[in-house]
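When the chains are written out, they are named A, B, C, D and E in that same order, and each has its own residue count from 1.
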Amino acid sequence: MSRTVRLVMFGVAAAVLAPLFGLAIAGAPPFGTASHPYRDLAVAAALRNATANVVSSINFDQRGLDTLVEETILLASVVGATIVLRASTGDVRRELAGDDRALAAVTLVSVAVLPGTLLIGLDVVVHGHLTPGGGFQGGVVLATGLHLLYLASRYETLERLRPLHWYRWSEGLSTAAFGGIGVGGLATGAGFLANVLPHGSFADLLSGGTVPLLNIAVGVAVAGGVVVLLAQFLDQALRIASERDGKG
Amino acid sequence: MSRSALAPLAVVAPILAACVVLVAGRRAPRLVIDVLATATAAGVAATTGFLAASTLGGRAVTWSGGWSPVGGRSVGVVLVADPLGAGLACLAGLLTAVAMLYSWRYLASLQAHYHTLVLLFLAGLVGFALTGDLFNMFVFFELMGAAAYALTALRIEEPDSVQGGLTFAVINSLGAYLSLMGVGLIYARTGELGLARIGRALGGQRADALVIVAFVLVVTGFLVKAAVAPMHFWLADAHAVAPAPICVLMSGVMVELGVYAVARVYTTAFAGVLPGGVLRTALLVPGLLTVTVGSGMCLIQRHIKRLLAYSTIAHTGLFVVAFAVLTPGSVAGAALYVLGHAGIKGALFLVTGLLLDRFGSVDERDLFGRGSRRDPGGWFFLAGGVALAGAPPLGPGIGKAVAEDAAGRAGYPWLVAAFVVGSAVTGGAVLRAGLRVFLGLGHPPQPPASETQGSGEQPETPSLVRAVPRTMLAAIVLLLLAGALPGVVPPLWVAAGRAARMFLDRTGYAGQTLDAAPPTPVAPLPGLGWTTTGVVLGLVSVTLAVAVALLGVYRPRRAGWRGPVRSPAPVELLHRLHSGHVGDYVAWLFLGVAVVGALIAVPLLAGR
Amino acid sequence: MNTILIGAALTLVALGGAAVAGTAEPGRQAVTLSLFGLALAVLFFVLQAPDVALSQIAVGTAVVPLMVMLAVRKIDRNPP
Amino acid sequence: MTSWLLAALVLMLGGLAPALLLGSRRGALDRLVGLELGSALTVLVLLELSHGYGASSYLIVPLVLAVLSFAGTLVFVRLIGLRG
Amino acid sequence: MHWYAYTVAGWLMLVGSFGIVRSRDLVHAVVSLSVAQSGTYVLLLAVGYQSGAPAPVFAGGPAPSTRVVDPVVQAMALTDIVVSATVTALLLALSIQVHARHRTVDPDALTRLRG
């Protein structure tokens, strides 16, 4: 199909769908409405379980199944990317190019920034049930912090501090821990992924029952997963060359 | 532990097993991994099979997190196992177990990563079949997707494989995002995510533009998954390049789950607001188009896996048509049809996989006469073709017969033609390929220039195999038996009838889910099974299929409609439309949404 | 006041999205994508969703751009 | 309170909008300037908004952005630079 | 204002998809797909917004009450962002391999899967 035909077809579809969508949003409740029935229930439920961050309560307690599956999606993507980006026949590992190095000043600043980044990441994970943030956001910050080693220094530095199978294990084990906590709820008879731990007092560090635990599990899983994921991309871009490259 | 613990266990068990495989994968011997993965899948099949049987007396409702509803409302996510959903989950478990059996010592270079992904895929399939929550459906949809994209592109040395995987991923993801827009819109109206809750909130309302658009968007992702024309393009590209055991899962249950999801969302959430007549038209039009395009493309393929993929498209079209009739009989027919189709189509894919492993090609022309008459695979392939055409008394045949009967009773006797022609043409195409490859009948086909050939592919085993391993053969036999079984086990028909009645019972679903109401007993559907008309129509299909096959094999060399020089214009056009271009497919996807949207919106909104 | 802020943020997001989709060269597109991510984060913030804004920032500032740039680099190093 | 929000609005319209414009035109390096400007301004905007809403817990967002935007900058500086 | 937020959501979905349709580079198509997805975040959060209500985070914020912005849509948007990032990663990985096998990432030049 030629480019023009394709664009015209898309245009026709859009011309049908845009007015339909317009009619639909004209019938939606006004923006900023005060009526949110699910919200009323969810906030009450979060307060009952002493979880100050209602979003975390929904993610890890009320609708914990969604988050378990979300972690599983991450796991599947990481394993998938590992498979897709594996070195195939005809690929060779090569030495890093000499220019692949950052400025000394940048390295210095990064060394200063790195510990702070890791601390902030930990804080975001640990306080996820109280303040904005949680396992996912904190885990990504942790993984990003680690990659300052590559960004501000040399790839070898990162490789040395990154035994990949550790990260792969930590991802697998903590996803399993999430599922295991869920099964634990089943075993106590309270139900799958039930919040069976003592809820503690509102807005305390030790409150929310299983929510902080699940937050930490997700934090570890995400940090491990993102490190493994980026490792595949870094390896492909920096280390792996195809034998065919030379021949064009 | 009560029955309600089984549904979450069936979802979480494969996830936990996948984590174990991932962590232990490098140390443990391959045999342990194989056994663990196969056993997990079999365990899931047993659990969900038990659920399917036991829920005939009433659904098993599980509120995750123990958030049982108070006054009919809850903040939790609900898993609702009913016979049809649990049955599909069981089918997913069975197919995965067989696929793992076939993959025994297979794709060795991937180590345990392959098993991890297949187990995660299984978790996605099972969860998608069991969930009773709209957003949870989206999440499981994405899990199925993420695993399936990677599994499709498993053989990264194949140029077609990575391209097919990418196309699959882009189109399916876009479909999922459109679905999520729909979820957002329906949440704006009702403030609910549970299917039963949405059903209650919408019941008795006027079908205004918001509800219509929300419904159309929500089902878009599922229609894409179900490969309903014109959103079907990705399927052939993906199925043709995925490893054979993965094709078994994708063709046998993943695509069917798309149809199931459309049906589930409609019957539980939207049936009270969107009239059945409007939905019927909106599904029959694309459904019949799917049958036409699928069987037409199937007939003109020489790449055997692509041929099977297009036959899956045609059959999915038939499932959509069967559901669109919207009677218990038609739903029961579709359910039986899906069971039979899964076994037979799976076996056909696996035999084709064996061809690839032995000859390094899945090209009908390349393989011409190379399969031996003593090769059991050849006879399996031919038997599969006959079964696919709807031969009594096998699985696809009973499904087809029951669906035809239901269509006739519902006042759509002309739909019978779609069932007969669709199954005859696809069965005939399979037979033609089998006759040529395994019996060497006729002469090699002459291709037009612009099509995917399928020769020169890498085999999936480490090297070309000479003797077929027993595990692979066992997997094929198991699938053929599973595909034949639904046709000869009357209790299964009774169960399908009751399952269909429960499936269409919106009030019963909501009552059991939200109010913990006692289950309303469902009576069996009378007259469900082989009828004289059904047997005759089945025989007609088989005869037609044989005729199609023989015509393909022995047709005169020059005067054919797909002669060596040029194909006639419609065939050429059909070929050209399936361009493999991601941008084209996106444009088609939006056109499809627009068509379905117009089919629902115009009759409902124009009158006002 | 907040309504005006939301309106302004929405406008930035709408323009940013069009700019990203309209940039043909992926290397440049990645930079614009980062900016678009910032606009989204501001929008989420004024819509009173700091959790979501934080996620968007976590993903959109470094991780996704890094993946895109590495993909671009891998692809560019081997011209057709 | 409102004065903080007003300041944020001014910064969005007068700062972020031009940064976005800068970041969506011409070559990669020109866009990078826009991104740098945008990151710095976004941190400020988010800080002002946190003050304006009177919610101290919101402050974690600009803090994380400040840290991560450093990493983000390095991504582009390294990889765009490498491509010559 | 009533229609503006929803329109922007639809607009993002549309321009993102349009970007894929006219794309000449798979990486560009993948990034455009993520623009299309950002339409879903905007829609979800717009649906859950309540004028003048604070975020549903009570530590260091407002006194606990139900008069907050809808947290359910925020939880959905969070999940959605994770999904988007992971799918983007997978798609980029596939694009790299497409280039490795086909020596091009121009959809117009990828002509092997036909018919």
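Keep this in mind: contacts are C-beta pairs under 8 Å (C-beta built on N, C-alpha and C of every residue); 3 or more make two chains touch, one makes a residue touch a chain.
From a predicted model like this one, the values you see are computed outputs, not experimental measurements.
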Most extensive contact between chains (C-beta pair count): A-B
Per Cα centroids, the chain farthest from subunit D: B
Of all other chains, the one whose Cα centre sits farthest from subunit C: B
Averaged-CA centre spacing for the pair subunit C and subunit B, given as whole angstrom: 37
Between subunit E and subunit C, distance of the C-alpha-averaged centres to the nearest whole Å: 10
Inter-centroid spacing, subunit D versus subunit B (mean Cα positions, whole Å): 47
Junction residues of subunit D, two or more chains touched: 53, 57-58, 60-61, 64, 68, 71, 75, 82
Interface hub residues of subunit C, defined as touching at least two other chains: 2-3, 20, 22-23, 25, 30, 48, 50-51, 53-55, 58-59, 62-63, 66-67, 70-74, 78
Multi-partner residues of subunit B (each touching 2 or more other chains): 135, 139, 142, 146, 149-150, 153, 156-157, 162, 165, 185, 187-188, 193, 579, 581, 583, 586-587, 590
Those chain pairs that satisfy the touch definition: A-B, A-C, A-D, A-E, B-E, C-D, C-E, D-E
Residues of subunit E touching subunit A in the complex: 1-7, 10, 14, 17-18, 21-22, 46-53, 55-60, 64-72, 74-76, 78-79, 82-83, 86-87, 89-90, 92-94, 96-97, 100, 108
In the complex with subunit C, residue positions of subunit D that touch it: 2, 5-6, 8-9, 12-13, 16-17, 19-20, 23-24, 27-28, 31-32, 34-35, 38-39, 42, 45-46, 49, 53, 57-58, 60-61, 64-65, 68-69, 71-72, 75-76, 79-80, 82-83
In the complex with subunit C, residue positions of subunit E that touch it: 1, 4-5, 8, 11-12, 15-16, 18-19, 23-25, 27-28, 31-32, 34-35, 38-39, 41-42, 45-46, 49, 51-55, 57, 68-69, 74, 77-78, 81-82, 84-85, 88-89, 92-93, 95-96, 99-100, 103-105
Subunit E to subunit D touching residues, read off their complex: 54-55, 57, 59-62
Touching residues on subunit C, where the partner in the complex is subunit D: 1-2, 4-5, 8-9, 12, 15-16, 19-20, 22-23, 25, 27-28, 30-32, 34-35, 38-39, 41-42, 45-46, 48, 50, 53-54, 57-58, 61-62, 65-66, 69-70, 72-73, 76
